[in-house]
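I'd like to ask you about the structure that follows.
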Amino acid sequence: MPLPVYYFISISAINILMSWALYLPYRVAHLHFLTIANMAISGYTAGWLVMSLHVPFWIALLIGFALGGVMGFLISFLIGDAPTFAVVIVGFTFIYITRTVIENTKAVGGTLGMFGLPSIGGNPVFHRWAILIILFAMLVIFGFLIHRFDHSRLGRAASTTFMDKDLASSLGIDIKKMGMLLQTASCIIAGGCGVLYGFIFKSFHLDFFTFHLVGIFMTIIFVGGYSTMWGSLLLAPILYGVPLLFPPAIASWRIVIYGVLLITVLVLKPEGFITRKFVHSIETVLSSKRKIRNM
Amino acid sequence: MAQNDKGPSSAPAPLLKVDGLSMSYGQIRALKDVSLVVHPGEIVVLIGANGAGKTSLLETILGIFPPTSGTIEFKGEPVGGVSADRNVRSGLCLVPEGRGVFASMSVHDNLLLGAHHNMKNVDKNLRRVFDWFPILEKRKKQIARTLSGGERQMLAIGRSLMSAPSLIMVDEPSIGLAPIVVNDIFTILKKLNQEGYAILLSEQNAYKALKCAHRGYVLETGAVTLSGTAEQLLQDPGVREAYLGV
Amino acid sequence: MQVFLAQVLNGLSLGSIYILLVTGFNLLLLVAMIIHFSYPQVVVFSMYIAWVAMKYTGGGPVIGVLAAVGAAILMNVFCAPLFQKVMKKRGEVDINSTMVLSMGIGMIITDVLSHSFNNGFPISFEGLLSGHETIFRLGLISLQSGQVAALGIGIVAVSGFFVLLYKTRAGRAFRAIAEDPNGAKLVGLPILRTSLAGYALTGLLGGVSAILLAMLFGSASPGLGEQVAHKVLAVSIIAGLGNLVGGLVVGLALGVLEALVQGYVSGSWSNSIAFVIMLVVILIRPKGLFGIKL
């Protein structure tokens, strides 16, 4: 397949997955920027394992997931039920500390980064297909799990917590456990994404994991709609792909356009484009169609 | 501080005259053709249930909302549509419902805020407020958030006095206060009136309000349905049934 | 010993940058009730505008200051309604939306700067502004006029604004309106006039900060705002949001601490100190070392 298509699909998939990773904690109003640090840590670790210790890729990937999960889980003990501000700050802090540690660690390339990662299976074409298949599998698995979560008792509890933490507590919802669950899940996804992000380009560099990235994910979630998972799914490929259709002169203004979109949505339509009401009405139509067909 | 010590209702010109006032915000017609007067030295009460329009009326008089029709005259000058800060400067003030106290600022700063338009006699006025409310002097440096409900009400009234008003409008002073404290507040309002301040007061607690007022108006869904002296209203069977629980 | 003193001086200089920016941030919070996390980017934007003005009119620092102040005030006036719209959430402050709005504004500023000014290359204030002359040298220790100016103005600004906000009539009005705009209206405070004065005041500080930063750094780049913005956020959290005096102390202390670490520890560890301290503070004493003054 042509290289640009490969990059488009793979990057869009990462964007969707990371937006979902941020969507989950935001269900309880936590902006969990720790996930970016997870990406970096799992990614660099996996890269180093593959390059320096010749660990097979799929083991490194699993380690990436696990590392994310462990980190997310441990830290969620502290911030599972913290106020939104504290969660943001913790995320920022870890991003900085992670970047500083990586900068100063020669073994992972410091400020120069890690290049020339080996192709999976030794073959570039196989490598690309492997990446795409893994990403697709992640989309299906995590998408399914998130969908089930949203339509379960837990999902409703999360929505209640989002609206009013104290009310949720008084209804018997364990805020801390909810926060811990969502944060850990999001960090698992982020860990895997971090590994794959680097392997898409067969390199790891600090510039991959900056606040720039945070801005992109924020735009996808908030413009797409933070109250459902479909907004991110729809908007990630659009936001990434549409600028590519334009001549480079316009496409280079991508970030400004994202910023303007983000601000416009925040001010005019805070819930984003795909709102829960919209999704609900589509689900109603679909289920009524099913009823008619079954009659 | 007071600008007029004349007795109640015999003075020739009303201090406040509202004539045919209507006000809407958005789709809601909050006030319909309301007319009332307050003479110097009077305590006039607005009685009505929740949502009857009492707060809207007071805030429109103050200048928060522009009238859609009708006139408001304060000290003989038309003030319909004039901004609130100009009205406060001319001697009109409001003690808002929920006390209108700035919780993060000290008692002292809250009082000084009242004198924003009248810094000339601020020390004298402050002294008088402290004489009226010694508890405020005691808590001068405390943050308003730490005051009790009754103390906050006193702070709000004290703050309004700092602007040397001619007419003090008070919106539901008894809300959220224990009955004993409510009695204290009404006693204070009566004493202020004896000092010469005219008071326009809105209340759900009709009995206590009518007991200390000279005259009153009954407001229902934005319109005045009844008016008269306090005695007349206390005796009126409709008022007794709807607002006095008799 | 020389290294120590030299680094302390550098640290004071760095600290004065933090002070200027955190005070602007605190002012916006206290006077306009805006939590403007991307305020440092606005200041960097003002630096660029000053640079353009000075380059194309050939004028000196005065033109620069005027341009910077004008740019800062305009940005305030433009951003303030956005923040006010976004911040309200059922009576509470919606920190998440405010933060995301700030990120959006920061994104736009940084990217516009990299596109439209000098083709994204750093701009230099060499020849446009003085401030680099050494006025005192003793071995390794050197003191530049810009450093003295920045620290001096920083301290004066904090003291001045402190007096203004807490001891004057105007200051009381600012604080009241920031706490409760509707309540302030009911008390008869002039809202529009005071808000505009607030934007002008904070714009003034922002513009002056921009010029001082230009003198201190001698150059600016599009990424400068973001680098500094996070540090300033750390300072304000460690000190306590809205705490002017706290911002002064913590800003200076952090600057000196970072400079000392830079001088004595190899590697780029100084950047993380602020965030580690911020992390500890937020977990142990969330209201900041000196307390929130909202």
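The chains carry the letters A, B and C, assigned in the order they are written, with residues numbered from 1 in each.
We adopt the following convention: contacts are C-beta pairs under 8 Å (C-beta built on N, C-alpha and C of every residue); 3 or more make two chains touch, one makes a residue touch a chain.
Treat the numbers as computed from the prediction; the structure is a model and nothing was measured.
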Two chains sharing the most C-beta contacts: A-C
Chain of greatest Cα-centre distance to chain C: B
Euclidean distance of C-alpha centroids - chain A vs chain C, Å: 32
Distance between chain centroids, defined by C-alpha means - chain B, chain C (Å): 44
Distance between chain centroids, defined by C-alpha means - chain A, chain B (Å): 56
Touching two or more other chains - residue numbers and ranges from chain C: none
Residues on chain C engaged by chain A in the complex (per definition of touch): 82, 85-86, 95-97, 99-101, 103-108, 110-112, 115, 226, 230, 233, 237, 267-269, 271-272, 275-276, 278-279, 282-283, 286
Complex interface listing, chain B residues touching chain C: 59, 62, 64, 83-85, 87-89, 93-94, 96, 100-105, 109, 112-114, 116-117, 119, 159, 163
List of chain C residues in touch with chain B within their complex: 169, 172-173, 175-176, 179-180, 183-191, 294
List of chain A residues in touch with chain C within their complex: 26, 29, 31, 78, 83-86, 88-90, 92-93, 96-97, 100, 103-104, 211-212, 214-215, 218-219, 222, 252-253, 255-256, 258-260, 262-263, 266-267, 270
